[in-house]
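See the structures that follow.
Paired with chain B in one complex and with chain C in the other, chain A is shared by the two complexes that follow.
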Partner chain A sequence: METEELIIDDSERCVFRYHRTTMTSPDVLELERQRIFDRCWVYLGHESEVEQPGDYRRRNVGGRPVFFVRGQDGGVRVFLNTCPHRGALVCRRDEGNTQVFQCFYHSWTYNLDGELLRRPDEAGYSETVDRTEMSLRPPPRVDNYRGFYFISFNPDIEELPVYLAGATEYLDRIADQSEVGIKVSRGSNRYTVRSNWKLLVENAMDAYHLLPLHITYFDYVTDLVKDIPGGGVIKNWRPGVVRVLGNGHVVQESPGLTGRTVAQWHPVMGEDSKEEIEAIRERLVELHGEERTNQIAGTNHALFIFPNLFINDFLFTILRTFDPTAPDRTDCTAWSLVPKDHSTNLQARRLDNFITFLGPGGLGTPDDSEAVESCQLGYQAGEMAWSDLSRGMHREATTADELTMRVFWREWLGCLLGLDGVETADRTPGSRDG
Partner chain B sequence: MTIQSADTAWERMLLEREIERFLYDEAALLDERRFSEWGDLLAEDIHYHMPIRRNVKFGEQHRENTDTESEISWFDEGKRTLMGRVRQLNTGVHWPEEPFSRVRHIVTNVRVMSVDGDEVEVSSNFFVWSNRLRDECVMFIGTRSDILRRDSETGWKIAKRLILLDQNVLLAKVFSTFF
Partner chain C sequence: MQTFESRSLREEVEDFLYEEAALLDEWRLDEWAALFTEDAKYVVPSTDLPEGDPELDLVFINDDIMRLRSRVKRLKSRHAHREYPWSRTRRFITNVRVKETVDGDLAVTANALVYRFRAGQDDPYVGHYEYTLRRVDGELKISYRRATLDHETLSRHGAVSIIF
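So, the complex of A and B:
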C-alpha cells in the first residue's frame, strides 16, 4: 500500500477515513520516527523544572535519551544522554542538582556546559585531538517559547515560533496566567498504555466520546456539586469552537462552566478561595484589560501541538505527551502547571482536580485507556480495514465533531509524504468546487 | 518499638491478632468487590495517600516520595472522593473494570508500631494480584502505614493510610482496586 493511500479525504462525499495498518505496522512507526519525530519540533520540558543552576531533568524525547540542565550563567542547555567516549548514560537519575556530570563507566567528567573537564590518566590521550570533540552533544536544535522548551533533530527546521504558528497565542494565554510566571508542579504521572500513540492523540482531542465513555465521571461531578448553588451547570455543557492553528496544531475553546482557578470563581470551588481568585482576576484586568482577561481566565482550552503535546487548560492546567515505544505501546507522561504565585490552597485544589480525572488512578483516564486498548485489539480484525473520522465534515464543525482529528491526520500524512504547508482544515462546502 | 498502653506481652499479642484479622477482613471485602462495605471502614476524616516514588541517590531517601501539597501523587484522597470512586466502580459502566478483574490482596508483615489512646499505628506489606480478560495481569507490591482508630460499630476505622507502591513509572495502565 502506498503511503498516500493510507488516508481517504473526500470533501465531496464528506468522508474521512484512515487505514488501520497506520496503527499496527512497524514499518509505519519507523516512517513516523524518520519523518515526524526526527523532523518536527518535539516538546522537551518547561524552564521552571530547572530553576537553580545545576538543576537537571532527564527525559526520553523523540526516541532519544536526553537531559536538560540550568547552567551557571542561567541558560538552559540540552544534551543527548550518552557519553562521547563509549556511550553510557551520563545522567543516570530523573532529576536533581549537580555541579558536574560524571560518567560512571570511566569517570569522564563534564561541566554544565557539556565540556569535558577531566578524565583519568589524561596523558593517555594525544594532544593532537581537540578536547571539544569529546563534549556532550546537544540535539541539533533547541529553542523555547515563553519557557516551553522544544528540541528538534532536524537542523534545517524553521524557527520555533514559525513552527508553532497560531499555537503561540494559546501558549501566551497560559503563560500570562500570572505576571510572575507559571511552573510545573514537581512529580509527574508516568504510565504505559498498550495502544498506538495516535489512538491516544485522537482520544485526547475527541470531545465526541466524553459523555458516552465518561458517564461515571460526569455522574461523580454532578453528585459532588448537587447541593452547591450553580452546580447544575454541568447540564449546560455545550460543544465549543475548534480553531485550526497551522502545522497540525489545533485548539478547542469552550466556556469554563465550573470556574477556573485562573481566574473565574464559581461556587463549586468553595467560599475559601473566592477572595483570592477574584483578586487574581482584578490584577489580570489591570495588566491585560477586560477582553484579554476573558481569553486567559474565562475560557477552557484544549491545545494540541503537533506531533504529541497536549496542554489542557481547564479548571487545572496539564501538559501531556504520548511517546511511541512500539506500534502497540505508548509511554504517557502528565505534568501539572500552576501559576508561581498561587496560594497553597489553590495549588492543592489544582492538583486535586488533576488526579481526580487524569491518570491511572483518576475517574476519567482509566476509561480512556480501556477504550484505546480495545481499539488496538479490534484492529486484529483486518478485513474491517478503515476507521472513520467523518463526523461534522458537512457542517461548521464543533468540538463534538471529528475535525480536530482530521487536522492531525492531514498533517501526519503531509509529514510522511514530505510535503510542506499542508492545508489541515476542512474544505468548507462552498469551496468544494474550487 | 514502643507499645505504650498494651503493657503485657499477652495484651500486645491479642492486639496484634485483632489488627491482623481486621486487615484480612478488609482485604476480603476488596477481593469480593464489596466496595460499599469497605467504605464503611473508612473514617470520615481519612487521608488516603499514595505518593509517586522517585529514583533518588543513596542518602536522599527523604526525597523519594512526592508530598501532598505541592507535588503530584497517584492518590491523595479524602472520604468524599474515595466514595466517588466506589460509586463509579459500582455502576457497571466503569469500562476498565467491566468485565471486572480477578483481584487478590495478600497482606503480610503486619506490625503494630505504636498505640496512642484509641489509635494504633500499623505497618503492613501487600501483594495485590489482578488478572482480567484473557491475559491482562498486574502485580502491585508495596507497604502501608495506617492509623487505625477504635470504633464501636466496625471494630476499627482507617483514619490514615500511606501507601508506598514499589514502582516509579506505573507498570499497570490503571489502578483497578484500592490498597
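So, the complex of A and C:
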C-alpha cells in the first residue's frame, strides 16, 4: 500500500478515513520515527524541573535516551545519554543534582557543559586527538519557548517559535498565569498503554467520547455539585471552539464550568479560596488588562502540539506526552503545572481536580486506556480496514466533532510524504477547486 | 505478659487486614467502604515519588470518603470499563507490624502482593500499606490507608483500576 493511500480525505462526500494498518504496522512506526519523531520539534521538559545548577532529569524523547541539566552559568543543556567512549548510559538516575557526570563503565568524567574532564590513565591517549571530539553530544537542535524545552534531531528544522506557529499564543497564556512563573509539581504519572500512540493522541483530543465513555465521572461530579448553588455543571456543558493553529497543532477552547484557580472563582471551589482567586484576577488585570486577562484566565484550553504533546489548561494544568515503543505499545507521562506563587490550598485544589479524572488512578483515564486497547485488539479482526473520522465535516465543526483528529492526521500524512505546509483545516464542502 | 498482649493486638490487626483483603477479592465493595471513617483518606502515591504529599505533589489517588464511595459505586457499575467484566484478584498480605500511637490509634504497616487476572494479563501489583486504624465503638476502622507501589512505572498494568 502506498503511503498516500493510507488516508481518504474527501471533502465532497464529507468522508475522512484512515487505514488501520497505520496503527499496527512496524513499517509505519519506522517511517514515523524517521519522518516525524526525528524531523519535528519534540517536547523534552520544563525549565522548572532543573531549578538549581547541577539539577538534572533523564527521559526518553522520541525513543531516544537523553538528559538535561542546569549548568553553573544558569543555562540548560541537553545531552544524548550515551558515553562518547563506548556507549554506556552516562546518566543512570531519573533525577538528581550533581557536579559532574561520570560514566560508570570506564570512569570517564564530564562537567555540566558536557566537556570531558578526566579519564583514567590519560597517557594512554595520543595528544593528536582533540578532546572535544569526546564531549557529551547534544541533540542537533535544542530550544525553549517560555520555559518549555523541545529538541529536534533535524538540524535544518525551522526555529522553534516558527514551528509552534499559533500554539505560541496558548503557551503564552499558560506561562502568564503568574508573574513569578510556573513550575512542574513533584511526581509524575508514568504508565504504559497497549495501543498505538496515535490512538492515545486521538483519545486526548476527542470530546465526542466524553459522555458515553466517562458516565461514572460525570455522575461523581453531579453528586459533588448537587447541593452547591450554581452547580449545574453537566447541563451547562456546551461544545467549545476548535482553532487550527498550523503545523498540525490544534486547540479546543471552552468555558471553564467549574472555575479556574487562575482566575475564575466558582462556588464548587469553596468560600475559603474565593479571596485568593479574586486577588489573582485583579493582579492579572493590573499586569495585562481586562481583555488579556479574560484570555489567560477566562477559558479552558486543550492544546495539542504536534506530534505528541498535550497541555490541558483547565482548573489545573496538565502536560502529557505519548511516546511509542512498539506499534501496539506507548509510554505515557503526565505532569502537573502550577503557578509558583499559588498557596498550598490552591495547589492542592489543582492536583485534586487533575487526579479525579486523569492519571492511572483517576475516574476517567483507565476507561480511556481500556478503550484504545480495545481498538488495538479489534484491529486483529481484519476485513474492516478503515476507521472513520468524518464527524462534523459537513458543518462548522465543534469540539464534539472529529476535526481535531483530522488536523492531526493531515499533518501526519504530510510528514510521511515529506510535504511542508500542508493545509490541515477542513475544506468547506463544495468549495474545492476542480 | 507484655509479649502476649502485643501479639494478640497484632493478630487482631491481621484478622482485620485479611478480612479487608477478602472483601476486595470478592468484590464486596460496599462492605469494604464501610470499613472507613467519615474523615478517612485513601492515597496511592506516584511510582516515581513514593513519599509524595497529595497536597503538594502529583499522586495517583487521593480519595476522601465521598470519592472513595464514588469509586466503589463506579466499580460496581457496568461503566468502569477497565474493570468490567471484573478482574480476578488474589491478595497476599504479610509482614504486618503494629504500633500504638499517642492518641490511641494503631499505626500499621504491611507488605502486599496482589495478582490481577483479566483480558489475558496476569501482572502482580507489589507494594506496601500504611494504615491508621481507629477503634470506633469497639470495632477497628480505617482512617488512613496509603498504598505504595514498588514498581518504577505502571509499565505493565497501565492503571490502578482495582483497589490496591
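Just so we're on the same page, the second predicted complex is superposed on the first by the 431 of 434 C-alpha atoms of A that agree within 3 Å, B and C clash if a C-alpha of one lies under 4 Å from a C-alpha of the other, contacts with A are read in each partner's own complex, and residues count from 1 in each chain.
Operating definition for what follows: contacts are C-beta pairs under 8 Å (C-beta built on N, C-alpha and C of every residue); 3 or more make two chains touch, one makes a residue touch a chain.
This is a predicted model, so every value here is computed, not measured.
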{"item": "Combined model on chain A: chain C and chain B, fit or clash", "value": "clash"}
{"item": "First (chain B), second (chain C), both or neither touched by A:15", "value": "neither"}
{"item": "Which superposed partner A:219 touches (first chain B, second chain C, both, neither)", "value": "both"}
{"item": "Partner chain(s) touched by A:344 [first = chain B, second = chain C, both, neither]", "value": "both"}
{"item": "Partner chain in contact with A:93 - chain B first, chain C second, else both or neither", "value": "first"}
{"item": "Touching both chain B and chain C, residues of chain A", "value": "94, 185-194, 213, 215-216, 219-220, 223-224, 331, 335-336, 344, 347-348, 351-352, 354-356, 359-361, 363, 365-367, 369-371, 373"}
{"item": "Contact footprint of chain C on chain A as seen in their complex", "value": "94, 185-194, 213, 215-216, 219-220, 223-224, 331, 334-336, 344, 347-348, 351-352, 354-356, 359-361, 363, 365-367, 369-371, 373"}
{"item": "Interface residues, chain C side, partner chain A - complex", "value": "44-49, 52, 54-62, 66-67, 70-71, 73-74, 77, 79-83, 152-161"}
{"item": "Chain A to chain B touching residues, read off their complex", "value": "93-96, 185-194, 213, 215-217, 219-220, 223-224, 331, 335-336, 344, 347-348, 351-352, 354-356, 359-361, 363, 365-367, 369-371, 373"}
{"item": "Chain A contact footprint on chain B (complex, rising order)", "value": "50, 52, 54-57, 66, 68-76, 80-81, 84-85, 87-88, 91, 93-97, 168-176"}
